[in-house]
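Below are structures written as structure tokens.
After this come two complexes, each holding subunit A, first together with subunit B and then together with subunit C.
This part shows the complex of A and B:
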């Protein structure tokens, strides 16, 4: 995350931010309580990965993007109220295989 | 046919009366000037209202030190926010002004000035 006044975002960074936006938008359609829970899980997950994942590890970031997109598609379904499955995968990815 | 002509004459007469009144008001130079100033005034006051609302949204953002928020503040340099925070702020602005900001525009908004400029020029902003 560059510190220049107008950081040029790479295509991949834009994809990540767009996915993040997608999650926050999807959370809006849930009840206030669920929304709050979803937002804190999602923002925690993105922040953790932004610190832990090497920014040059494109393959792994692409994998995370694809996985995130699938989870977002599930979240968009009106029947889905939470992201408890994400919690499970969080523990799985703490030690990602290279 | 005669009926249609009569009707169209009637419509024309009706229209002419309306247009006549309109022109009568507009043709006065005083009114033209007053109207121009008025519309500029409306736009300026909307922009300053937008500025105030954008500033209060940013001030309410939990990671921001409210005393650092100025109309010229840059999200990353002045407020110490990262790109994920910027996404959250732009999303909060969407809710404040009741319209969706497309990704392409949202990625560009990295300061209060840019946010105000974009929102104030957006026809759907409330």
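This part shows the complex of A and C:
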């Protein structure tokens, strides 16, 4: 890596970061309390996916990007005040057999 | 660059006076080239810092950027932050970097374009960009 070279980001990574930026920007227009909530949900979601989703799983990432964009469009509307997430933990059925 | 020699010479002296000097000079003159380099030398309980003056953002800006970066990354106060510190080296991923830039935008009331925000990797680069944007806003 050179002196000022930043890690080169792929187009898809840029899209993801841009979406994240969009969410944080949209959150600014909400009330302080809602904003905080939105930020923590959004950041949690992005971080979770960044760890769980295989970086080569382009189809799924594209799906997530589209879904995120739609959610962002909804969030941007002034009528939308907040964001909530439902956490359904699916108990994984672990196959004991090898 | 005059300040460079002045500070370099006095680097054996204690930290505080030389720090204050620097600040005052930059505040009054339009000195546009300030780089702050901390060197940590611990002689028993004495800490000496050296300031190297030669780049483009004001120390106040650099200081503010450092604070925001620390807050954003939840670093302890003792963490050494130099203008050359890479965000990545401080444990920031690209999402953290976005958050840092957003935090800076709010603090300085500027709007950083997407393209340039992706090129920010160090405190110095952030401070330089902020100065540029703030000047553009005022000018």
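Note that in this section the second predicted complex is superposed on the first by the 79 of 98 C-alpha atoms of A that agree within 3 Å, B and C clash if a C-alpha of one lies under 4 Å from a C-alpha of the other, contacts with A are read in each partner's own complex, and residues count from 1 in each chain.
Keep this in mind: a residue touches a chain if its C-beta (ideal position, glycine included) is under 8 Å from a C-beta of that chain, and two chains touch if they have at least 3 such contacts.
Since we're looking at a predicted model, the values are computed, not measured.
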Subunit B and subunit C placed together on subunit A: clash or fit? clash
Margin query: With both complexes superposed on chain A, which partner does A:24 reach: first (subunit B), second (subunit C), both or neither?
Written below: both
Contacts of A:49 with subunit B and subunit C, given as first, second, both or neither:
neither
Discussion item. By the touch definition at the top of the document, which applies to A:69: first (subunit B), second (subunit C), both, or neither?
Written reply: neither
Subunit A contact set shared between subunit B and subunit C covers 6-7, 9, 13-14, 17-18, 20-21, 24-25, 28, 43, 46-47, 50
The answer for subunit A against subunit B in the complex is residues 1-3, 5-7, 9, 13-14, 17-18, 20-21, 24-25, 28, 43, 46-47, 50
Per the touch rule, the subunit A residues reaching subunit C in their complex are 4, 6-7, 9, 13-14, 17-18, 20-21, 24-25, 28, 43, 46-47, 50
Subunit C residues touching subunit A in their complex are 88, 93-95, 98-99, 101-102, 106, 114, 117-121, 125
Subunit B contacts subunit A in the complex at 74, 76-77, 82-84, 87-88, 91, 95, 103, 106-107, 110
